[in-house]
Every structure is written in structure tokens, then in C-alpha cells.
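After this come two complexes, each holding subunit A, first together with subunit B and then together with subunit C.
Let's turn to the complex of A and B:
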């Protein structure tokens, strides 16, 4: 049993990530879609590398060869009120 | 090369996986070929609504009604919590003109058996305590629902696999040929070949490329939708909400001309839904920009400003990410579901535009019936691919 939390924002454990891989996830994007690891408030800044490490360990794929998960703006949380003031 | 499978499905979006699941359940030997991974297409970047209210009476509404019934039992059937919920939905109305048009629309929908009504300002405030004073009325339907599309896809995939379905990822289909015994030989970019009696094109917005491989023109185009995602927040109101502005502009071309140009150009129709995890999805646009899946600041700004206009408390909430997806939009607004008459054994299940999540279970069921040669309870004749060939060729 490995209950170490890998994604703190979404409270996803190492075991859940390993289970996702065993159930057939073959990319870190798929792991994200399946477990929500990386979809939290910090948008994976804290957990992205850790998820990749578990993925590398479980699949035997080298870290450098792993296709990183996609992420899009804003890269940091932006209050909605800021969107309105900014007019370009 | 002998036949390895009964059915090969091209594309592991929600439509391909649903079809694969129901066919596997019927005992067919199924192979799903996916260009990249699960969630690569529209089904991995979309909203979560099963919205009946936005539909014009007709086959799509009938399909949606059947689908919602199927979803009710699907979590149990698939052994996964699909986060199916029926919080109902409201379409917020801001002007007297829009109200009149929505009143007529609601009467039409009621005739079709949909439970929907117009509620006044007081009722709106009761259900949506944070809504702005600018909202004068709203529609309300208790039946509108939502589901987590990612969970639906993984559940169809996993249950399907338990029933013997195979899924090959990183397997982009590049050729389709009819072989001597009448079967189809499918070739992938990494040089593999598979043979099956039946092929199903479930490639969503990419369905036309698959069509070309067998010499047909499928009139589906990618229509981009952008969405902004908020941090997790407590519920703002009882239901998910949409704005009448966009729906009215579709029903009444005169209104479209009066809308702000940028709203019209981007096809912005305001939607605001809260997921089971508490993140709100603020959407969305309808843009023809090819296969470009980027988000733009201009669109995000318009959408989040609308959220703040309808719900001023949203000003205190943060956007944590954005994404865009490509709706498979068919020329006449209806999906293509069925066997291509000139190509026996070649089926299409694509073009669901903004309704593929809502329509996934019923589409899978219809495809299963068609492949097995069973009759469907719904009359799906008008969804046949031949409707386009008839028009162009002029033959009845």
C-alpha cells in the first residue's frame, strides 16, 4: 500500500496513479484525465514532476522521453475581477 | 490475411467507446484504434451538460431523452460513479424581446413532451440567489442533467475491456481497403494491419479524413469551443445556467444582427456549470479555426466578464485554467449515424457537435442495433449519410 499524496491539490495518492497505469493509462495526460492529478489549484506545478516520476517507475519509460502533460493559460490563478480591468 | 475482428472502431472518443462497449456486450469481437490516447479529441475537452432545453423538437431531442434514461442506470451497469446528476437547468433571460421568443420556444418543446417552463424574477432569485438584477425571467427544467465525460469514457473503456474489447493507442488509421473476401483491411501509421467485417468511423472532427480513405466526402468541420475553469467553489445556485441571448440569436436571425459583433464572430453563448468537484466551467465559443485548439485571451475575457455580469460574486473567484476543444460540427447540425449505402459494412457515428456527451449512450445503442441488423425504436432514417449524397447527386 502506498498512500503517499502525489497531488496535494486534488489529493491523489501514488497508489491511485499506479492503479491508473495498471488499468491502461499510457500517457501522463491520460493519468490526469483519469485521476485529476494536476487539475488542481496549482495546475500541476507541485505534482507534475512527481506524477512523471511514478509513471517512469511503473512503465520503465525514461523521464526524458515522457511527453509532459498539456497546460494552458492562466498558469497562475487570476481573479475574475482582474480580467475585466485589463482591457487588452 | 484473415479476419481478426468482427468490428473495428476508428477513434476512442466517447462515441467510439460507447459503440465499442455495447458491441462487446453483444458478443462482438471489437478493436478500437486510436491515433493518440483516450481523451485526445472533443470528449476530453468539453462541458458536462446533458441539456435538453436547448434542443429544437425533433430526432436529436428524442435521442437526448432516451440517452438521459440510459445514463440513470449506467453508473451501476459500468460499476463506476459517472457523477451523473440532475440539478436541472435555467436559461437566463435579460430582455422583453428575448422573453417573447423563449416563451414560444418553450411551448414548442412542451408539445414534444419536454417538461420546461418560464419562471418570473422572484422564482429566479429563489433558485439563483446570486443572480444579477438584470435578469428578468428564466426558463427552468428539472430534467436537465450532467455527467463527467472523462469518467464515462474510462468506464466504457474498462468495462469494454473486461468484455474482450481491445484498444490500441498510438494507432493512427491511414488506409482502409476492401479485400477480396469483402472484409475491410485497416492500415495504421506504424505499419500494422487489421481485418474486420465491419468498420465504424467514430473519429469525431477528424471523420472526414477517414471518409477520404474510402472515397466519400463527409461534411463535418471542427468548431472550436473555449472554456475557462474556476477554482473550486461552493454552489452558487440550484441549477446550471445558460443565457438566452445566444439561443435566441439562433432562433431569430434578426436578433443575431443586433448582437455585438465580437459576440457573433466568436459565437459566444454563455454557459455556466459546476462540476461534482466544485470547479465551475464558464463557456463557450463556436469558432471555425481549423484544428487549432489554443485558447485566446479575447474570448476568455468576454466569457468571464459575462459570468461576473450574471453573478457579481464571481468577481472574487479565480480562473485556474482554460482549455479548448473541437466540436465535430456537421453541415446540417445533425449527427451522421448509420451504414453508408454504397459501402456495405462501413458505418459512420460522428458529427455530434455540442451534444456528443449527452448522446453517447443512445448512439452506442443505435450502432449496436444497426450492426446486429436489429431495428431501432427511434426512427433514425434522417441521420443517414445518404442525405448528403441525395442532395448533391439529385437522385432520390
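Let's turn to the complex of A and C:
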């Protein structure tokens, strides 16, 4: 096992992701909910594939069979103060 | 809510060409880009393109960018810079945050997504140390911001991005200590690879980076030979003193908006992972949503521009500005050029991959 960081934003290690899979996570969405990997500022733009790779390695599931974790708005980091709509 | 005929998201080579074609055919166009200047990666491409003359062979990417910007100005379309498209809703309504201040709802009778790609990372011990960065990030620093990221660089990946950025780092005054490639063969066009080799940069094939070391920043890279399963071989480690490690380990299509919109996706390894399905007119499975460029699969600026033109023409046809006969004629011409670009040892694979995507692939 190792403590290489996979998700930089939320500082989730490879070991934590493998533990999440061993504890019963069966999708990358479940890994995300359990560990917060991919839920930080960059919303998984850096770690999405890395998490999938660890998942593939641990479970033996091929990369192309892995359902990517859900994308949601906002797809760019914006402060809530910017949510106010221009009414012109 | 503000309404246009066609809204183009992303002002790189694909988006600029899509917007230009749509506007040329009489559409009211809004082009949105999150950067302060459109052009996408074109303004980082200080090298000359090659291919045939009609694909701008011998012209530098940044010159192509300037020409396209001039055309967008002459056509008088609306261009929103510093504007982030944060969401997409039913009926092609987009949520745009402009100037990091306010939100706008923007609607297009057709929307063309040209959002490009994001660099892949690889994880290894020490990869979060300052000094480890994407090769594209290093290229932005030297060619756009004119800042040298470091003095001595290790490049991970020998594809076109890896060798082109290596050469440009040399031009900018850095030393490139080595280029490592996990595969047993080098990955780029020979013309780019040879330039770097002639400059004396050593290549290590069947090698990977195993560790970055240093006190608070990169001071050393440890590389190792890999076996046929790409696992590092014990005892083969080599230490190389560098202050910068660039990762040129591929790109992934940036397709979040297409995903949220509910477009059908197809997985294709050659094209960089999950890509939205599209037909021969660059239309996705969602009515009124078109795509072009790297979002459809990782290729090159030349193919992105042709796809952009095709998407622009198709979207204009969809709102009644071009009749079917003319659309077919233009689409046929563009496909001829796309097929001409997708040839040779690298292009042929992409051509097959594109056909697989259009045929539907494994549905997601």
C-alpha cells in the first residue's frame, strides 16, 4: 500500500481509494461519495482518470467498462456571489 | 434570457471556425470563451504546421489564430471573453458567468460545444511537489506568458506534445535532461522527434518516472526501466537532477457540458476516453447540440478546424440558413479534407476510431 495522493484538491491517497473499494464501493461514484476524491475545486479534472485507474487495478474491471462519475453544474469553479443573475 | 441563432462554447481552432462559418451563412452568433483572448491552444503553437497547403502547412499556429480572429471581427459576431459556461439546461439554455461577476442565461437555437481537452496526469511518489506540471502548462508559461518554468526539465512522454514542448523549452533557454517513454517506441512524428534528438536530448524508451524527490520542490527525478506489463524493474533506477518534471501523458476530451445535456457517449481509447457520439454533420444525440474539435476525441488543430467548419455549416442548415443540397456539397468537401488529414501511421488509427464513434461503439 502507499500514500501517494490521487486527488490533490481533497488530499485523498491511493491507499484510501483502495480501502474504499475493499470496504464495498462498486463504482467510482461511490468512491467519490465515500472519500471525496473528485469533489474539490477542480471537480475531478485532474484525478478523474487516476481514480478510474486505481479502480480498474483493484477490481480488474477494464477502463472502458467503468462508468464515469457524474458531472454536475457548475462545471467551473465560481463563487456563489456570481450566481446572481444580470437582469438586463 | 438572451437569445442567439447559434451559441459557440469555446474559442479555440474548432470554435472559431464554427462561429465563422455560421456567421458567414447569416446566423447571429455568440462566441463564448473563458480566457481573456480567444484562440485556444493556437497561440501556443509557435511551430509550423505540416500537411498540405490547404491545411495551412508551413504556417505557424499562432498566425492561423490571428487570421481567424481577424475573420471573427470582420463578420461582426458577438464575442464574450472571460466568460465561463457553467451549466446547460433543456432547450439549449446555457448558464454563463461573465467577468467573474454575474450570471447570464443564454439560449441558442443551436449550440456548438468546442470545449477542447484537459491534460492527463499520472500519479507517482512526489508528483504533488512544486515543479511537476503538465507539458501544456509549461508551454503556456514559455510561449504565452514568457516565463521559464525551470532550468532543467525531465519530459515524461514522447508523443507530439512531449517532443514539441521539449524543443520549445530548449528554444526558451531551458535544458531538457531527458525524455522518457513507457512504450518501447517513440510516439511523435519523426520530424519533431528528430529535431530534439539532433539537439542532443537523450530518449529513454521503456522507461517511466517512479519518483520525484526534493525538499519542498523538485530537485531530482528517479526513472526506471519497465517490463512488458509497464511495471518498473527493480534495480534499474536512474537519478536525474532536474527542477521541473513535465507530464505529456495524453489528453482527455472535456465533455462535461455534453454529459450534463444528456448526450449519448461512446468510449474510444484512441480518442482519449468517453466522447459524445456524433453523426457525419457533427450533431450529437441531443437536438440542436453540435460538437467539434478535441471534445469529439483528441486530434490536431487542423482536424479541429475542419470539424468546426462542418459543425458551423450544419448548425446553420438546421436553423434554415442553408438548404440540404448545399449542406451535402459542403459536408462532402470537408469530409474529403478530413480524410486527407487522417492518414499515415497516426492518422489512420484516428480515422478508424472516428468511424467507430459515429457507428455508435459501446453505448454508455
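Worth pointing out:
Assume the second predicted complex is superposed on the first by the 84 of 88 C-alpha atoms of A that agree within 3 Å, B and C clash if a C-alpha of one lies under 4 Å from a C-alpha of the other, contacts with A are read in each partner's own complex, and residues count from 1 in each chain.
Just so it is clear, contacts are C-beta pairs under 8 Å (C-beta built on N, C-alpha and C of every residue); 3 or more make two chains touch, one makes a residue touch a chain.
What you see is a predicted model, and the numbers here were worked out from it, not measured in a lab.
Taken together through their common subunit A, the two structures put subunit B and subunit C side by side without a clash.
Contacts of A:68 after superposition on the shared chain: subunit C is touched, whereas subunit B is not.
When both complexes are overlaid on chain A, the residue A:4 reaches subunit C alone and has no touch with subunit B. Contacts of A:78 after superposition on the shared chain: both subunit B and subunit C are touched. Distance between subunit B and subunit C in the overlay is 6 Å (nearest C-alpha pair, rounded to whole angstrom).
With the contact threshold set out at the top, residues 71-74, 78-79, 83-84, 86 of subunit A are in contact with subunit B in one structure and with subunit C in the other.
Note for the complex: subunit A touches subunit C at residues 2, 4-6, 8, 14, 45-50, 63-64, 67-68, 71-76, 78-79, 82-86. Of all the residues in subunit A, the ones that touch subunit B in their complex are 23-27, 29-30, 33-34, 36, 39-41, 43, 71-74, 77-81, 83-84, 86.
By the touch rule above, subunit B contacts subunit A in their complex via residues 36-39, 44, 150, 154, 157-158, 161, 167, 169-170, 230-232, 277, 294-295, 297, 300-301, 304-305, 307-308, 314-324.
Residue ranges on subunit C touching subunit A, taken from their complex, read 34, 84-88, 95, 97-98, 100-105, 118, 120-125, 127-128, 252, 254, 256-257, 259-260, 267, 269, 273-274, 362, 364.
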